[in-house]
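Labels for the chains are A, B, C, D and E, by order of writing; each one numbers its residues from 1.
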Amino acid sequence: MANETNSASSTAAPLLQVRGLRKAFGAVRATDGVDLALQKGEIHALIGPNGAGKSTLIAQLCGELQPDAGSIVLGGEDVTALAAFARARKGLSRSFQITELCPDYTVLENVVLSLLLTTGRAFQAWSNPRHDPTLTASAARWLGEVGLDDRAGIHVRDLAHGEKRQLELAVALARSPRLLLLDEPMAGMGAEESARMTALLNGLKRRYTILLVEHDMDAVFALADRITVLVYGKTIFTGTPDEVRSHPEVRAAYLGEEAC
Amino acid sequence: MLTVEALTGGYGGSQVLFGMDFEAGAGQAVSLIGRNGMGKTTTVRTLMGMLPARGGRIVLQGTLLTTLAPHAVARLGVGLVPEGRRVFGSLSVEENLLATARRPSSAKGWTFDRVLTLFPRLRERRRQSARTLSGGEQQMLAIGRALMTNPLLLVLDEATEGLAPLIRHEIWDCLRSLKQEGLTIIVIDKNLTEMASLLDRHHIVEKGRVVWSGTPDELRARSDLAHRYLGI
Amino acid sequence: MLPMPRNTSFRTWVGLGGLLLLALLPLGAGLADTPYAVNLATRFLIYGIAAVSLDLILGYGAMVSFGHAMFFGLGGYVVAIVAHHALEAGPLLGWGGSMQGLVVWPIALACCGMLGAAVGYLALRTRGVQFIMITLAFAQLVYFVLMSLQVYGGDDGLLMSQRNALPGLDLDQPITFYYVCLALLAIWTLLCSRIVASRFGMVLQALRQSERRAINLGAAPTPYRLSAFVLSAMGTGLAGVLWANYAGLVTPDMAAWTKSGEMMAMVILGGAGTLLGPIAGAAVFLGLEQALTAWTEHWMLVMGPVLVLVVLAGRNGLFGHWLGGSHGQ
Amino acid sequence: ADPVKIGFITTLSTPAGYIGEDLRDGFNLAVKQGGGKLGGVPVELVVEDDGLKPASAKQAADRMVQSGIRLYTGVNFSNVLAAVVPGVTKAGYTYISTNPGPSVFAGEKCDPNYFVASYQNDAYHTAGGIAANELGFKRVAILAPNYQAGRDALAGFKRTFKGEVLAEVYTKLDQSDFSVEIARIRSLAPDAIYQFHPGGAGINFAKQYGNAGLGKTIPMLMPGFSMDARMLTATGTASEGFYTTGIWSVAMDNPGTRKFVQDFKTTYNRIPTDYAMQAYDTAQWIASGLKAVDGDLTKNAAFRAALRKADFSSLRGKFALNTNQHPIQDLYLMRIEKAAGGELAPKVVRKIVSDDRDSYAEACKMPS
Amino acid sequence: MTLLLEQVLNGLQFGAMLFMLASGLTLIFGIMGVVNLTHGSFYMVGAYCAAFALGKTNSFAAATVAALLGAGGYGLLVEFTVIRHLYQRDHLYQVLATFGLILFTNEAVSLLFGRRPPLVDTPAILSGAVTLAPGLQYPVMRLAFIGIGALVALGLWFLVNRTRVGMLVRAGADDREMVDALGVDIRRLYTLVFGLGALLCGLAGVMAAPLLAVEIGMGERVLITTFVVIVIGGVGSVRGAMAGALLVGMVDSLGRAFLPSLLDRMLAPQIATPLAAGLASASIYALMAVILIVRPQGLFPARP
């Protein structure tokens, strides 16, 4: 159900089309008229200073926050008014900047949960999903991908911070989403894990469409096809990594000396 | 300043620390680095008294810390920026900074104004409740909160997680000048290159032990170490 | 390498062992010449059903209902009222009433289900402490309604002078009634444990642990929570039905807040989120109360500290740790 | 021989616990005076707390029935009584009520094994209506909590009261502050009020009524159990001048009462309530029955016959049994006044009903 | 008209009494995160201590001191032995433990002080009534209640929102361990705040004692109503407790005062009387249900 995009239309029209999105908290305009288009199969990075409104934008895309104005179109369908769970069922998946997992479940169960909620048979009250070989095998495979295979039976509450971050990614990836929103997936991971996740995401390129929010510039420049820069709720620039790297305004507002 | 000797500890049934050894001289900056889940945070928590030490000693300026409660450790001058920010969500930015503040011993100490000058972003958000801050803003707040206790020893556990590059640079700059003022610093972070100019010593942690220690230059020279223990 | 929930087979064995023990109890009581023991044990079973039902939402869904006694009361009142009309008072809305369990019991459960759906729908708009209090509020409303039902005895309650009939069984026989209760408890517990381990149960528990995560995975919270709430209401209603038959009397205090508190105490005492634990919790709670009241009139002086100690000593009730429950931190 | 066991189920916990305590102690006093015997037969009291929960009481009763206890008493609330009595009488054992006498068991559901030593529930309230007439009150306001006994109370009063009821006020069951009702009474300015609130609520009402200064201007009339000895001490001077109705008072002038009050005071160090008196009477009555069968309760018919004779000297004076096995007795109007020692006590003003019998007896077809 | 005014004052006074209990509870419950059913017991202990001291010394001042010391001291004891181990635990366990404490306290009090409700008379300075308006006399005791309620409200609001203690307590509810790690002895702080809550109960106890029967179980009777107040007002905020207390006080009092005559005018008396009584009994619960359905967090939640 997740990946049935009409291929003919998807090459032409973007998978995600955001127009004029606005959200204010009192006097703070966290999202101030954002336009954004994601093509199917691209990794599109969203960068910007702290408090620029990236997480707020993601929250509106996934349906946790209702925008004040603007529209969100996913695969040709206007989803602006849909609740978060309904959007998730339409193939949207996200990771959280501040880890959100089920602490009393094991690592594997967390992934199984993610998978079983894509099957459309989640409201079934008899069989035990932990004994379902397709679910567990697929979940175990994803744990392998993020490097947590030896932690499968551990309760999430006993994991180290970095390991939770890895699991956070696995849970989001496992659903084979149509559109993946990643909010700082590398934050809290060590250098090795960051590199590993970068490689993993690189391998998923073209198969997955990803909106990537990240402050780890190595990862961003290694992965992104295009980069949008958000400052004070407004997009100031969209372009290829090279263009962004050399853009003076971006360097002043965000990168500092990093790009050298 | 701080000496950690043969420290062991862990959670409930599982042991995590198997004899940590390191020290930080007064006015020095040292790091704990290593892969995920190797026990860096556990070391910090044990140091702070948030977890009981099962063996070994932690001595701060001649005082044994291992039996003290966290607030007593903090009052000896240890300021903590915890992993995962842990700001007080229902307090405003201002209250977060003021609630646990302690008066500086010298005129040059940290005050509310000085913290807001370091992080202008926080000044803009003064009355906002900390729960609704962006991830990076929360991180700034956590650092500011620790500074407001005017510590002698500052412990930063992944304090730059989620911060934009520009801010990260500012923080490293700031730490450098703090060090110059005589503050002792322990950093846990993954940005080796960015840290290099601040640090006197690295400690690589592997499975609850320090397996190697040396200056940043020595570490740079030994690429095998970085590969073996840090996976780079 | 499939990590199964620990203790699954262990728990199954404990369950079966307990069932066997309970099944043999009347025999033992007969041998020991303490026929009253069967009566007492029947009480444990009835409250066991209520405790299991409450645990379903409390232990697995983190819906702390402080008003579950309303379903206990309603279930009891429905059968007692129908019996009252069948035996004494003449037709009710043109229906002569019935004493057939197979007719009346489902009606009672349906009533509880409907009340559960209505209360649950409204209460589930809130969380946490507010949920505790709004369920309490509804229970108090039910309590006041029962109090003011003057035709059905008001605060004096309503006697049910005869037990319901089940085909082929004589429920007036204490031992038969005991086995009926036991069978219902066993079936209900089995059903609940299947539900809890199922896909539905997995999502329900995920909603407890991290609602935000579950929603973003595509789970709509209300249908899951409401279904569990209704099921739980019906289970508690069943206990009320059995209680009315057992005691031959329904009173408004079946729906009082203290009753809800006692049910909660049973669940926690036995270990929330374990299903089997609450059954044991009910037995311990009632047994203790029974033993202490018979021993001294100052029994609360002992009972109170016992409850406190149980909380202070164990992380999850008396049996929670042992049964490997999922709840508690 | 083994002592005769008497099941004594009563409310000892909860705020109403003091009533159960007085019932138990009053009964025990009689046993103690008899040297552990009633009517020459050794008895053993099996006391159990019902926590004011009908279901718990029924549990306890069922257990005692199964363990072979044949004689029961002690319950202090109607709803608890309703739960206990059917099980006991169905088994063919005897129940003697020390306190409540609900109308169901006085009428159609009367039973040869069920006796009442106290009064039928309506008695005090119908007497209240008569007292109001005799005191010349024309316009009254009446108040009671919104539950069965409260509604029965006001209905009983209205049955005999001839004047105008200005307002019939039902208070909340657990209400503790009555300022609202008192303000309303003040604005209605009736000749008097009749109110019935048991336990703590009764104390609260009386205290607040007195403190609001109404005690002096608008007389208050109430059933005696709404201002028993203990409530009186807790209410203090606010209660001075209130009228009550009742069957007995500590100040009653007869030798039995003088001795009882004296003994009770020395044994328990407090003034007995009506409940204690009723329980004491119950014990004496049981003594007369036990004596007749020589402690053998299996002689059920003989025991019942002996009880029906009511051959004992009641502290209240006259005591006879109606066909429904409820008492026929006199009722008095009393007024709370300072006694010689300065303490407050209800003093008998006059007898207002002689040989009061309840109206339900006609509906009772007592099988013998 | 004066009747209306008087009934409004009655509502206010009932609200003030509820507020004194609710404010302490909202501190403990909303801010410190402990569902403390024992709260009503502190009130009872306060009232009993007052009655005891009054019986011994005949001085209301001594009674007040005894109530504050007794309730506060018992609060500290309970915190020290039981509650302090429960801050980190699920609400469920707090409910069970404090339920046990209620049973214990009730029985202990009845053993210590006997089952006989003791007498507390209104002190001389507070007895009598003042004329507020022509035809409107109002008891001084009740006016004092309203005044003290208002003072407590101000003081608490200041403490919670304007002092460092308030900030620290709220911070502790978010993350106890971090407050500790930043150098504040959170245990001691919590003990003191808990004691303060209990102290307020003692105050309510001694104030209520002249008006009400001092008896076992007087705590539970108001406990549920107090919870209703807090939930209506929004958990954890003093302002909310204030609003909730006034609302509940008014609805309850005015409902009892005017529902019967209102319904009498519209319906036949045999329907109107029981209906009015029933409605009055259920009014505050209905109020709570409606408010929670419209505003699930209550009127002024501390943490939106």
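Methods note: a residue touches a chain if its C-beta (ideal position, glycine included) is under 8 Å from a C-beta of that chain, and two chains touch if they have at least 3 such contacts.
Molecules present, by chain and UniProt name: A, B = ABC transporter ATP-binding protein; C, E = Branched-chain amino acid ABC transporter permease.
Since this is a predicted model, take the numbers as computed values, not measurements.
Chains making contact with chain B as well as with chain D: E. Separation of chain B from chain E in touch steps, taking the shortest path, is 1.
Placing every chain at the mean of its C-alpha atoms, the farthest one from chain E is found to be A. Counting C-beta pairs in contact across A-C and across C-D gives the higher total for A-C. Chain centres here are C-alpha means, and the one lying farthest from chain B is D.
Between the Cα centres of chain A and chain D there is a gap of 75 Å. Chain centres here are Cα means. That of chain A falls 29 Å from that of chain B. Averaged Cα coordinates give chain A a centre that lies 49 Å from the centre of chain E. Per-chain Cα centroids separate chain C from chain E by 32 Å.
For chain D, the set of residues that touch two or more other chains comprises 13, 146, 173. Contacts with at least two other chains are made by residues 147-148, 150, 299-300, 327 of chain C. Residue numbers of chain E whose C-beta contacts span two or more other chains: 106-107, 274, 277-278, 281.
Each chain pair that touches appears in this list: A-B, A-C, B-E, C-D, C-E, D-E. The touching residues of chain D, counted against chain C in their complex, run 12-13, 47-49, 51, 53-56, 58-60, 62-63, 66-67, 78-79, 82-83, 86-87, 102, 146-149, 151, 173.
Partner chain E is touched in their complex by these residues of chain D: 13-15, 17-18, 21, 146, 167-174, 176-177, 179-181, 183-184, 187, 199-201, 203-204, 207-208, 211-213, 230-231, 233-237, 270. Across the complex, chain D is touched by residues 35-36, 39-40, 43, 147-148, 150, 153-157, 159, 161, 243, 247-249, 251, 253-254, 290, 293-294, 297, 299-300 of chain C.
Per the touch definition, chain C reaches chain A in the complex via residues 1-5, 194-195, 197-203, 205-206, 209-210, 212-221, 223-224, 326-327. If you check the complex, the residues on chain E that touch chain B are 164, 167-168, 170-171, 173-175, 177-186, 302-303.
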